[in-house]
Every structure is written in structure tokens, then in C-alpha cells.
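Just so it is clear, A, B, C and D label the chains in written order, and each chain counts residues from 1 on its own.
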Amino acid sequence: MARQFQDLGFGTKAAEAQARLLNRDGSFNIRRKGLAFFESFSGYHYLISISWWQFCVWILGTYVAMNALFGGVYYLIGTNSLAGIDGQTPFEQYIECFFFSTQTFTTVGFGRVAPVGNLANTVSALESMTGLLSFALATGLLYGRFSRPVARIIFSRHAVVAPYNGGDGNAKTGFMFRIANQRSNQLIEIEATLTLVWLEDVGGGRRTRQFHELELERKSLKFFHLSWTVVHPIDSTSPLFGVTKEQLDASEAEFLIILKAFDDTFSQTVYSRTSYKAHEVVFDHKFKGIIRTGKDGVTEIELDKIHDHERVS
Amino acid sequence: MARQFQDLGFGTKAAEAQARLLNRDGSFNIRRKGLAFFESFSGYHYLISISWWQFCVWILGTYVAMNALFGGVYYLIGTNSLAGIDGQTPFEQYIECFFFSTQTFTTVGFGRVAPVGNLANTVSALESMTGLLSFALATGLLYGRFSRPVARIIFSRHAVVAPYNGGDGNAKTGFMFRIANQRSNQLIEIEATLTLVWLEDVGGGRRTRQFHELELERKSLKFFHLSWTVVHPIDSTSPLFGVTKEQLDASEAEFLIILKAFDDTFSQTVYSRTSYKAHEVVFDHKFKGIIRTGKDGVTEIELDKIHDHERVS
Amino acid sequence: MARQFQDLGFGTKAAEAQARLLNRDGSFNIRRKGLAFFESFSGYHYLISISWWQFCVWILGTYVAMNALFGGVYYLIGTNSLAGIDGQTPFEQYIECFFFSTQTFTTVGFGRVAPVGNLANTVSALESMTGLLSFALATGLLYGRFSRPVARIIFSRHAVVAPYNGGDGNAKTGFMFRIANQRSNQLIEIEATLTLVWLEDVGGGRRTRQFHELELERKSLKFFHLSWTVVHPIDSTSPLFGVTKEQLDASEAEFLIILKAFDDTFSQTVYSRTSYKAHEVVFDHKFKGIIRTGKDGVTEIELDKIHDHERVS
Amino acid sequence: MARQFQDLGFGTKAAEAQARLLNRDGSFNIRRKGLAFFESFSGYHYLISISWWQFCVWILGTYVAMNALFGGVYYLIGTNSLAGIDGQTPFEQYIECFFFSTQTFTTVGFGRVAPVGNLANTVSALESMTGLLSFALATGLLYGRFSRPVARIIFSRHAVVAPYNGGDGNAKTGFMFRIANQRSNQLIEIEATLTLVWLEDVGGGRRTRQFHELELERKSLKFFHLSWTVVHPIDSTSPLFGVTKEQLDASEAEFLIILKAFDDTFSQTVYSRTSYKAHEVVFDHKFKGIIRTGKDGVTEIELDKIHDHERVS
């Protein structure tokens, strides 16, 4: 499957861009133009993605706006149509209409103020219906946000290039980064792909961006309950073979990382992406160990040290 | 996988139809007969698929109908059973019953009018329960419509047949169409299949419809954040090899397109379909470039120009 | 994938059963024993699977029972604690308590009757919370039932054994059944598997049940918008080769059918199962055509004739 | 696929742990350190996973706390702002404020007590909104818990090592455990993987933990409606070949079991895990039969006897 979807979809034109292709938070560094706002806008997508702070402002703002509107309608119908209104000035009366509206919109309906006559009753019947439907959207979104499966992967701040033990006793050199699951929910069948994009001489003094999928020592894990150091072995088949830190910087290299996993709690497939630019790669450093066996024989992982690396000689 | 499901399910009889097989909006051009309305009707499917305008009419209509009904029941029970009714004429009294019903159905329950006696109380207890359940359906549908994953793919208005650079330096000719994601949500692991259906001579002067799955330069992309020009190379193995515009028209050719992708926001698989008839294929034209690098080095895509193509000599 | 999951899980013991293995509605003909009711009971599964009629009885019954209970509690607390009660006899007072309970449980809260004092207020606070949570479950189930993806496949009443045109011009004989989608929603990537289970002589006068997966002319369709006649070619490699109607009956043959598809509206994978016993297989009959081209060139399918078959000579 | 995700993700360090790797309930025996509580905490995951008893305490506690808070605010605003309050002492008045708050929070709104004036009305408008949103979360979680797909697999208490009939007439020895579906919902396409982890001599007197995926007679079943005895044949290619009970104990062996299935009712993929330590493996015992044919020819399974095994000579 991984092989099937090799093409990352950047095309040849995007390959000419000088800017980072993938931001550290996994979003694509692309500008979309030419569509009117509403053509490309997905209300659900927007409201599910914004911050909690923005979401609360939206909810509260809509609530106030709806009641200001319906309150105005009741005021225009006339305060005779609302039994229980006892404000003297127009402003006081509008405020009472506003509060009556909130009681109708939320269906709390205390009844101290209540509609009299056909017009006020009709508006009030419509408002309570609107209120129920509006709160259904709001609460659906609230719960959708709360229960949405999002993989919170911690990526090590830097990638490193260092020797490692290849398993067969021979020392190899590898490009490595380290990841861990920030949340305590279980991620299953996690797969990683690593793609290098850099400038290459294509003859005639021209340099264009080229993509290389880099082989990994291990492409997938059945469970992801500890940290995982993803390793690309820099052997003679690797485009990184013999490349120095200076050459990497000069080539404007970027390492694109894509993770795919199954979230056990949500029963859904989740994705996570990030990239390392050349200046975020540290040569001749290796990651410090963060997994050890506690006194009681239980395996421990120190997640706060996931970024730590040290010089190797 | 793509290979496994090659059969598009049209069968031999459907192959005799002269009409378009797939409409431009992706629905099948088929008439289903012989089932009673309720056997093939799926209420959920209907209410989730109709336009927003129709949906609002349904919701409002049901709301009015339910309250007209329950209002009638209260009226028949007698207005003595509703404390607070002060209408004089039967019509006024019915209207008050109607509005009391709306207050019960939405559970706003102001209480200015309130049920007295067993009969009115029983009906009111049933109505508030019915109201809660009805609004649950309505709001579930509302949220379902709002949060439903739908791939909004823009397909180029025409497909083109034009030379292109085959990557190995040799010019080839290809059948091409261009697609882009209209929404700003992320589509992942997108796959395309392209099937040609046209009339072929099968000997003895008879012509029948034949299906050909057309090979693609690239069947899938890992990410679909830019536009994608899907290309079928017209080489000697292609049924389109040497076919002229006139022959294509005469064969009543139709190109069926199926897209499958994973929607990152909704964590679900989505499908999109369309077709191009022979008269929607333009020969010796190629698509104009719509991806370029902005001044700040960021990749830009002009989605309003996705349909643009130009003559090649 | 189909190959991977070949084992239907009946085991050798189940193979000794004389009864049908799979009922026509797709459920397994198996009796589960030895677990207490609550160990194997899944409330959600039960309430989502029962008929609409049973579901309504459950909802209404629970609603009445809850209010009878809470009404009783209010009655025990004393009718002094409920302002607005004016019943004279204990029974009248209990009924008023009951109706007050319904107004609290549904949060309609007219207020003509209202709690006074700590005890009645506490119970009422708990009841309105309980009511909201109970209705959440009820409405969740209601919507879950309404929006649940269920493949409604029409299976032809009989399977037939008849000659057919094998595509290469040679007449073959096949075991066939016909299916169609009853609903108007779209099923995609449909796969069928057909397994024969019958008694075979295993030497020494003993006969045991044996399973054979039968090859299909076509195992899957990309789209399932018309009817599909699933065909097992009875050639020399088929266990049915040369088998007569009488032999089939004597062997207590059962044909197990499993369908898997992706529902486009619900974005979910759905399954359907059924079986044909030997007496539901008709020899030397073929299905009548139900797909034709209408006057306007559009393909038509007559779903009411899906069961129709006719003798072939 | 099974092959692709062979690496269980324990790494080399975890292999040094002396404690059990997987608990019997399927959770990983791992201690996560170094993250602040809120970084790794997922509210949804927590509230969906805790016991029903804990969940009820949370819901009720939050309900009381919210109303204690809002009740306090109304009390501070002053009881003049609530029409209908008739408590004399401050405590009585606070209690009335508290109960008014519950009527607002649940939107029952009897109206016997009702807000008067801008401040109380504003707080009440906010509270009814907060109440609706809070109950939306609570009821979402309630329904989420109720409808969450969880595979309830019964694993036999012990695994056994015993001879069995290999199908080809030759007696073989196998490592076996038995599973059944506790619930009556249907599990489809169930797959099992079995991994042995034990201490091995690696030369120089050192012993380290090694992982071995053990071959299974049958890796998957299409349906899982009866019990399934999963069998690893101990032939010459098995690491268990010739291993005695004493050697198994001395090696601190642990058998890790992973099940994956598709739940037909919930249309979702579910996982289940467990492990057997060496002391939970019984040699020279076999499982007693629990499937038989009833008098009416229907297959019966006795789920209470799933753990039963007996000595074989």
C-alpha cells in the first residue's frame, strides 16, 4: 500500500518553490487562490478546527445575536403582546424582550413573561424551534470537537545523523528522528514514510527539486506504546550517502514525514505529518535513552527527554 | 485493489443503452421500476441528500402539522382542560390550543396556558415526549447533513487530448483531465480510475458497447493539496491509439471517472464520480498552468483557472 | 483478502448438525448456552436490532414507568410540597403527581404545579437531570436506528442451475442466483463469496459435512446499481459437476452466500448473508431478463421481477 | 498485512524488563513519565473508559457543583432579583437560589421562581445556555459509552500444550488457547497473532528477551459465531519444539495474543489483547468439547465450559 501512494502530489511546479513544503505542524505550505470564500469554505471543517477560545466566542456571539434579533422582533410587535413586561422606557422594554427571547430560545420558558396574541405566539413558536435546532448544531460541534480523533505525536525537535548498531553487529550510519504518543490512548499499526526533497543539479547549471523516498530500517510497528526511533540507514543506496552537513544545508533539503495509525479508542484511522529542514538536522549526535526498567521490573519511558541528544565521537 | 473491482456492474444489457451511463454529477443514468415507494425508500438517505431548502420545508412543515394535530386534540378535549385559554370564538380557541401545543412540543412550557385534568395532561405528557424524540431526529439529521463527508472535487469542464512530456524526454500523446479539491480540508491517498465505453464493430454489421479500463501514468497520489492532471498515455496499447475526434464522436464514447480518497477531517473514505462524453473532449488542446511560485517562495494554485486550456500546434 | 478469511468458522462439530447452518435472513442457526443473561447481553445491540414496534413499546414503557416511580416519590413526600395540586382523593393526588413528574422529566415545566420545599425540589432537580440523560439515550438510539447502514439486498427466491453463455462462445452450465439493491442508495465495491456445504461419503459408510468454496465467474463489482446474477460455472473442477437434483437433495446441500459492500451514503462497510437449501435450487431454469433499454435510451431495471425464472430446454 | 506489522514495538530496552509485558486485560505494563498531567490527558478518552460507577459520580458531581456555583451567583445578586423566593434565613434563601439554578440549568423552568432585573436575567440566560451545552457533552458521552464497539472476547483461563489431529491423519503437538465471543453481536473476519517472548542465552552467560511470532494452523476466520481453538503446531520449526514445562517457566515465557475483528453491529474494527505467562500454560491437557448438536439438529455451544480442560495420556 505504501508503495502505491508514493507520489506526494507536489508536482513539478511546486518543486520549484523555495519555501518549506510542509510546515512543522503538518499543514501544507500552499496558497489557494481564485475561489470565492463560500466555494471553498466548509463550515463544519472551520468550526471543528478552530481553537476552543474562538469556538466559545462563536457560540456566545451567535447566541447574543440571535436573541438581539428575536428580542427586536418582539419589541416591534409591541410589549402588549408579552404578558409580564413591566419596563417603562423603550430601552427597558427592549431588554425585557431580549431576556424573554433567551428564555424561549433555550426552551427554559419560565413563564413570568409569556406571549399573548397570535403574532407574539407565532414568533415564539418559531424561536423555540430555531433554538432547539441551533443548539443541536452547537452541541453537535461541541461533542464533535471533544470526541474527534487526533493523533498527538511528539516529534523530536531535531533529527540526527549518527552511527547505530545495525543488528548484524556492523556499525552503520543512519538518519533518525524520534516520536512518541503524547496521549495515553493506544495507537495501533503505525506506519511511517520519510521523503527527502532537495535541490539537485540536473545539468546545464540548472538545479531543480527532486523527491526521494528514503528506506527505513522498520516501516511499521504493531503497537506504539513506547517511543519509536525511526531510522533511515545511510548506506551506498541512500541519496544521503557521503553528504555533509554543509551540502545538506546548501541543497535546501527538507525531510517530509507522514505517520498513519489506527486509534484504538476512537476506532478510526489517524494521520500525522511534519518535516525537518536541513538546519533542524544535527550531525554526529545520537538520541539519549529514555526507556529503562524500573526497580519493580516494569518498563518506564521518560517522555520529557524525547528531544535529548548527545554528541558521539 | 483497483484491479479487483474492475467490473463496473453495467452488464451486457445496459451496454445497449444509447443514453449517457453516468451523469456529470456522478449519479447513474438508470431508471428503477417495480418496487413500491416504501420498499426502496430510505428516509434517512432521502433527508440527508435533499437540498437545504427542501430540508427546511420538511422540518417546518412537520412542525406545523404536528402542532395542528395536537392543537386539534386539545381543542376536542375542550378548552376547560387548558387553564389560561381566553379566546371567545372557536377559531380563537383553536389557535390558542395550537400555540399551547407548540410550547409543549418544544418543551418551552411557559405555563401561562397549562393543562388541567387527566385527558389534557395525558396528551400533553405524550406530546412533550413526542416533541423531544422528533427534535432528536430533526437535529440528528441537521447535524448529519452539516458534518457529512462529501468530496467536493472540481473536474475540468473538458477533457483534452494533447502531447505531453513523458518524463523520459520523449513526447507522448495523452488523454487528460484536471481535478482539484474545492474545499480546504485535506484529501489523502486519492486514487483515480478511468474507463472508456464506446460502440465497437463486433462483426456482421453489429455494434455493441465495450468497456476498456484505460491505463494511467499515475493512478494515485499520497496527498491531494494541489491540482492533479490525470493522464492516460495514448500509446500503441491504448484503444484510443490513432482515433480521431470524428471517430470518437461516431462511437458515442463516454469516459467514466471514479475517484476514491480518505478525508482527513472526517476520518472517512469518500468517493466522487463523473463522466465526459465525446463532445466534451477537446483535441490538440492542453491545460494552462495554474501552479506557480509566489514572490515569497510559497507555492500558489489558481483554482478559478482549472478549466482553462489552449491550442497546441 | 477473500482468500485469507476462507474459514467460515463452523468447525468440525458444527459440520455434524443436520439443521440449516445459516437462516434465510442471514443469522446463524446456533444456540448459545451457559452464559448468564447479562454476560452476553448488549443493551445497545438489543435496542438497535429490535423492530420499530418493539422499540416504541420500550420507549413508552420506560417513560411511563419512570414517571410512575417519580410520581410515587412526590406523592410520598406529600402534596403540600407541590404548589398547585388540587386533587381531593389520594388517587387524584397521585395522578397529579404523575403528571407533574412528566412535566419535569421532559423539562417542559409548565409551572402550574411547581415544587416547594427542599425535598420536592431535590427530587425534581434529580428528575430533570435523569430525564435529560434518559432522553439522550432514547434519542441517540432512535437516530442510531434511523441512520444505521443496513444493506437491503433482494436475493432471488430460488437459485437456478442452467446453461449460460460463457463469454468465449461456448455454452457452460452454471449455478446462479440473482441479487439487487432494494434501496436507492449506492453500494460500491461489492464482493460475493459462495460456499457449498453438504454430506459426503468419507469411507466406511460414514458421511460428514464438507465445505467447498465455489469459484465465481465474477467475484466483485465496482458498482452495484443494477441487478447482479452471480454465477458459479459448473465445470469439471466444480464439486457440482454431474450432480443431479436428486443427489443434491440427498446430500442435504446448503449454499452459503456472503456479500460485502461499501455504502456510499453512510461511508461504511456493510455485510449481507443468506443461504439456499437444496430444495430452493431449481434445475434447468434460467432467470428472466429484467434490464432493458427504455424508449429514451435510458437503462431500466424491473425489480419486481427479480425472482422470475423460466424453463430452458 | 499481519506480516507488515510484525514489530510489536517493545524495542530492545523493554526486552530487558522482568515484569509481564501485557496484562491479562490487554493493557500494556508500562509506566509513562515526564509529561505534565494535562499534556497526556485526553478528557474524552478518560470519560469514555472509566467505569459506569465513576461516570455517574462525575456527572452528578459536576451537576451539583455547577448549580452550587450558579446558585451562589444568584444569592450574591440578591434575592430581590428572583421573584418567588420566600426563604427567611440566608441559608434558606441560598437553597432556593440553588434550586432555581437547577431549574434553569436543565431548562425545566417552572417559573414559580423567575429572574427579575437585568443582572439575574443575564446570569440566567448564560446558565441555560451553559446547561444545554453541558448536557450535550454529558449525553454525548453517555451515548458514546453505551454505543462504543468493544470486543468482549472470553479467553480460556489457561493455554494448553497437547496432541491434536493435524487434519492429515498424523498426530501433532500444539500450543492452544480457546476464545469465544461473549456478546451476541456478530464478529467478522477475525484474525489472531501469537507472539512468544522469553529469555534466551545469547552467549557469554547473558540472557536477553527475544520475540518470536508463532505460526498458527489457521490465522483467521470469516465468522466468529462459535468458539475458536487457536493452535500453534509445535513442529521442528517452532521455538517451542522439545521445550519442557520447567524450561518454559525458567525462561519467564509470555505469550502475547492480539485479535482483530470487524463488528457487524457497529460497522467498526475492534481489537482485543491478552497474554499467558508460563505458569498459565498447562502441559498434556486438552480442551473439553463445548460444541454439540442438539436434539433438533441445531448446533449448540456451552460458553460456561470454555475454560475446561482435561489430562491426556
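Methods note: contacts are C-beta pairs under 8 Å (C-beta built on N, C-alpha and C of every residue); 3 or more make two chains touch, one makes a residue touch a chain.
Computed from a prediction, not measured in an experiment: that's the story for all the values here.
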| item | value |
| --- | --- |
| Chain A on chain B, rotation in degrees - Cα superposition, rounded to nearest 5 | 90 |
| Copies chain D and chain A - interface residue numbers shared by over half, same or different | different |
| Where chain B and chain C are represented by their mean Cα positions, the distance between them in whole Å | 27 |
| Distance from the mean Cα position of chain C to that of chain A, given in whole angstrom | 38 |
| Residue numbers of chain B (touch at least two other chains) | 103, 107-111, 140 |
| Residues of chain C defined as touching chain B within the complex | 59-60, 63, 67, 95, 99, 102-103, 106-112, 135, 138-140, 142-143, 146-147, 182-186, 188-190, 218-228, 262, 264-265, 267, 289, 291-294, 296-305 |
| Footprint of chain C on chain B - complex, ascending | 4-11, 13-14, 16-19, 21, 28-35, 39-45, 48-49, 83, 103-104, 107-111, 114-116, 118, 121-122, 124-125, 128-129, 131-133, 136-137, 140, 144, 149, 193, 258, 266, 268-271 |
| Interface residues, chain B side, partner chain D - complex | 107, 109-111 |
